[in-house]
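Look at the two complexes coming up: chain A is in both, with chain B in one and chain C in the other.
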Partner chain A sequence: MRPAVAALGAVTSLGKDWPTTWQALLRGARSSVLFADFDTPRSLHVPDEVPVSAIPELERSLTSDGCGAAGRLVRSVLEQITLPGLGVIRLYGASNHSETDILLCLSQNEAAPSSLWRALLIDAMPDSLSWNLGTWVYSACTSSSHALAAALLDFADGESQDAIVVSADALSSIAVAGFWRAQATTHKTCTPFQEQRDGILIGEGAAGLRLRPPSRTSDGQIHLLGIGMSCDAGHPTDPDPTGTWLEQAIYDAINWAGFSPQDLRGIVSHGTGTKKNDAIEASVYHRIWPNAEVPITSIKGAIGHTMGAAGLCNVLVAVEASRTGLLPPTVSNGSNSIEGIDLVRDSARQIEVGAPVLAVASGFGGNNFACIVG
Partner chain B sequence: MPIPLRVSVTNGLPRRDSSDTFRVVDPLDDPVMEDNASIRHARYYGRAACLASSVARQWSQRKSTRPGRLGLICNGGPWSLQASWDFVARAREVGARYVNPLQFPPTLISATGTAAATAADAHAFAYVVGWDRFAFFDVLHRAGQAVRHHLADEVLSIAISTSNPAISLAAKRAGLPEPVNVALGFALSEASENADFWLLDIGYDESVLAKYPLAQRYDAYYANGSLSFTIPVPLVGGEAYGATAAVLIMSAMTCHKALQTPKNRDFALTFREEKHFAFAVFRLG
Partner chain C sequence: MLPDHQTNELPAAVDDAVLLKRICEFVADAADCSPEQVGADDDIYQALHVDSLGAMAIFIDISYEFRVPEPDSDTEFAALNTPTKLLAYVRARSSFTPEPTLQTIAQRIPTDLSALSPYGDAFRFIESVLLYDSNRVVTEMTWRLENPLIMAHFRAGPHVVPGTLLSEQVAQSALLLARLEGILAPGEHLMLTQLRSEFRAPAEAPVATQAEVRFRATVRGHFGFGGFCRIGETEVARVKGIASRALGYE
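Then we have the complex of A and B:
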């Protein structure tokens, strides 16, 4: 079973819906503000100079049941893609640090309602969605990727005929402070796979994708063709320096789809903009495609690292790239790209319409995920 | 009917007197847990990650599955709350500039799963699933699915429930019971003649249960916080949130083994809360 992608939805720093975000990505737009300019609780005393990619005008107050900015993002995406349809829709969700706002609120307000304390024990976001059939996955920055895997397997088992995979993370003071303290944040511009890259642009956003059985006619639909996953099972934060397990995940996805590496026409990489990740990821691509046959892009310089939603954001870009035949450019600072890869930069790159495109994600704890659409 | 899956069980801490018995962990065991967990910077990770890693390590010492074919899934819950709380408290006190960066990774809910995967040398995948009392049904469902689709030869499914000062405070303020400390491991692999237990079926459709004749099975029902059962010995309960189902399953298996109830009986566990329903059927060998 190769389910078809029936609808896409997103809220990012570049757009309140997916079409706006996609057009901005193709133009090479990027969004970055200083964390100090951003209206979030600053009680953790994060220095003012940390750039982040924030969604303008996002309502960040907490409801009494603990639903905050991340919950609102999920609902917005669901509204975009929950079109009238047949049968029962299954929901597959994912998030990362969504409890941070609750924690901050409670640490400053002894008289907070008991429902907020409950929201700490039983995750407020999925609990408030009230879907009949739902699966909620946590695996750091591959959370939405594993949610997608669950949806695909349920399709294969005939347990689902209509599924929505959705993921969101709002800017979290813990995440900003944590990445900054780990010296992983960019100082100015996040430029993945380029020699003068200096770190992550922490972002926020939501992505959603609706899966339906494939139609019998070839009508330009894009399908989920294969997945692969692995875990480095080594360091809590750093990727395995050999990239062995990431490579394994990519080959597993290629094999699942019944392709050879040469069949792929584009890669939407994890590409965080950190020294370590990008060097290791590029070395893996170079091993699989030694002649840099496949163009590679990263969207994290443009919309930031959307944490739990990052894997699904990459899948959305891969779907749209295959559908339109355009790979959006990577944000560039003019420095050279890492040797041995074909980095798409400066302007969008044309690829064959309908061609298979690979989306990659990795996360803390060493999880790796690869997905092929086309 | 789905393919039956072999279930092997393990608990949180090595014991000299027996191997597979159910055990609630006492907070006094924390130093032992940290030693057993053998994870980097264990003291920042807290009890859940240490306990899950201890289960995983214990399992890895007797497994033969290749690392690339072993997956790991844990149930979700507020286990990272203490780490997040400590991080926030430290940052508010001295500023983010002076927070130890080692405190950051354990603030993730998924840290429990990936720490355990490191301990088990599980390279197929490692993630956390579910957030409520149905979480362990989701864990077993995903684990079985991964084996059937050959994403792994074996999936270590860890049920975790722990308390700590932050969870105690949250539970007290919310008027909810404090979770017990428990870690149980259920390894799912392809069916084997030698197995003591098999997972026959798991799902969310009540009508499927009718396939398993009432006369040949024991039942345990957990509905809106209260438990009833037909197995002829008391089942051990306790508020274990996402691990509640695992506690009951392990309890039934332990009773079956210890009391030698008739062989090849099925054990069906059903959970109902408001409009949510889930079931799992095991064969007690």
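Then we have the complex of A and C:
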């Protein structure tokens, strides 16, 4: 079964809902602030000048039961994609670090309420938000991708009729400090797949989609057509230098969908803006499409790397790109694109409406994910 | 409840109340509740909300601890839905046989770990195999201060080896054991589907940890394994998990 995408929801640094975010992406907007201007507990050292992509006016306080910014983001997306009277529906949730700031709160406050300790132990977000039959996935930056895969596999097994996939991560000084210490953060502007790129723009955000069985009539709906997953287990944090496993995941998705590589019309890439990832990812695309036949974009220069939600954000962009026939541009700094790929930059690119579009995600632990929609 | 390979009891030697208490502990483990919340006639699916993987874990525990075979059919599997019925099944099907003692085990040490394990060097948490015999492997990993994973954990010290890495050492050892036992076809891997760990003491780097693993039971094609992580005689972690066959890329 190829489930249909019935609704999209998001909260990003560019918009408090999906339509606003999408329009901003099409305009080539980007959002970043200095870490110095970001309001969060500061138990870990991060230089003030490190850029991050933060959601304006997001309430970041932690309630006594452990619900903070990440939990609020999930709730906001659920409100966008949930309809009254929907009945029992399966929920697939995902996060990379969830309410990590619970750790900071506990470490800084000896009199922290015991409920916070319990929230940490049982994980605040699932406990406070999960519905019946909820499945929660934590697999680094492929968390939401794997949640989507779980939903799709349940559809394929006939175990699911309606499902919601939702994912959120909020900025945390722990996460920013980790990437900064790894020298992976950008110094100014995140420009994926360009020669002068210098690193990730750490971001935050939430994405969600509602799936339902495909309708019998062709009503212009976009469907999930196929997925592929692999784990190279080569290194805890570095990508597989050969890209072989990412390539295999993409081919698996193409085969699942019953396509050949030439059938695809667009790629929403992982494209983090780091030297290593983008070089390897571009080489994979070049091997599959040696003549750069398929245009490629990355949204991480615009809304930042939304961590666990990043994979689902890419799927949302792929769905909207197929539905509208527009691929949003990659944030550019004027330097040349990596050779061998057709990078969409400067303005949105028109593609065939309803055409299959590939969304890609990778994560720590050697995880690779590919999804085709159309 | 985590595995204790040395204390399996012959069911016939214990009365029903003791046996039932043990079964309720297995059910409570799978239902993520306390044993006191499990009634003898509670439906493990309807009342205790145990899912299919949890049911698998219960049968793996029972199969291993009491040496009973897995149910013959899916119908029988589903019908064993209360602790009381599980107790009756154990009584009817148990065939306890002692395990081989350490003295009967010959040491056969494989050396080419890279050929037996799919992990990259930085992701392989087995440096050497100390012992291998039928259904038992003991591996060793030295956690050095210069290992980036250790350096990053409590930067100002103490450099405690994260529990997830100790669990990973046990899980990787289980995969290694599966390869040594020849239970995987070429191209097959084991995919970890459930893991429960109990940590007994911190392992502070630099330190060498020894993981001892064996397969406990196979139920419906899923492999249950159990193991320990030790520093010499000190137990630092107990781990048990379920793994399923999965095709990998070779």
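The rule we apply is simple: the second predicted complex is superposed on the first by the 369 of 374 C-alpha atoms of A that agree within 3 Å, B and C clash if a C-alpha of one lies under 4 Å from a C-alpha of the other, contacts with A are read in each partner's own complex, and residues count from 1 in each chain.
Just so it is clear, a residue touches a chain if its C-beta (ideal position, glycine included) is under 8 Å from a C-beta of that chain, and two chains touch if they have at least 3 such contacts.
Just so it is clear, the model here is predicted, and its values are computed rather than measured.
J.: Given the superposition on chain A, are chain B and chain C in a clash or a fit?
T.: clash
J.: Give one of first, second, both or neither to describe whether A:337 is in contact with chain B, with chain C, with both, or with none.
T.: neither
J.: Which partner, chain B or chain C, touches the larger number of chain A residues?
T.: Looking at chain A, the partner in contact with more of its residues is B.
J.: Go through the superposed model and pick first if A:80 touches only chain B, second if only chain C, both, or neither.
T.: After superposing on A, A:80 lies clear of both chain B and chain C.
J.: Is A:156 touching anything from chain B or chain C once the two structures are fitted on A? First, second, both or neither.
T.: It touches chain B, and chain C stays clear.
J.: What is the contact status of A:194 with respect to chain B (first) and chain C (second): first, second, both, or neither?
T.: neither
J.: Of the partners chain B and chain C, which touch A:230 in the superposed model: first, second, both, neither?
T.: Both partners.
J.: Intersection of chain A residues contacting chain B with those contacting chain C?
T.: Residues 178, 181, 230, 232-236, 245, 248, 366 of chain A touch both chain B and chain C.
J.: Could you pull out which chain C residues touch chain A in their complex?
T.: Interface residues on the chain C side: 118-120, 122-123, 149, 152, 249.
J.: Can you list the residues on chain A that touch chain C in the complex?
T.: Checking each residue of chain A against chain C gives 178, 181, 230, 232-236, 238, 240, 244-245, 248, 366.
J.: Spell out the part of chain A that touches chain B in their complex, as residue ranges.
T.: 43-47, 96-97, 99-100, 103-104, 107, 112, 114-115, 117-118, 120-123, 126-127, 132-133, 135-140, 142-143, 146, 150, 153-154, 156-157, 159, 173-174, 177-183, 229-237, 245, 248, 363-367
J.: Give every residue of chain B touching chain A within the complex, in rising order.
T.: Listed in rising order, the residues of chain B that touch chain A are 40-41, 67-68, 72, 76-78, 81, 84-85, 87-89, 91-92, 95-97, 99-101, 103-111, 113-115, 117-118, 120-132, 138, 142, 145-146, 148-149, 151, 167, 169-171, 173-176, 203-204, 241, 275-276.
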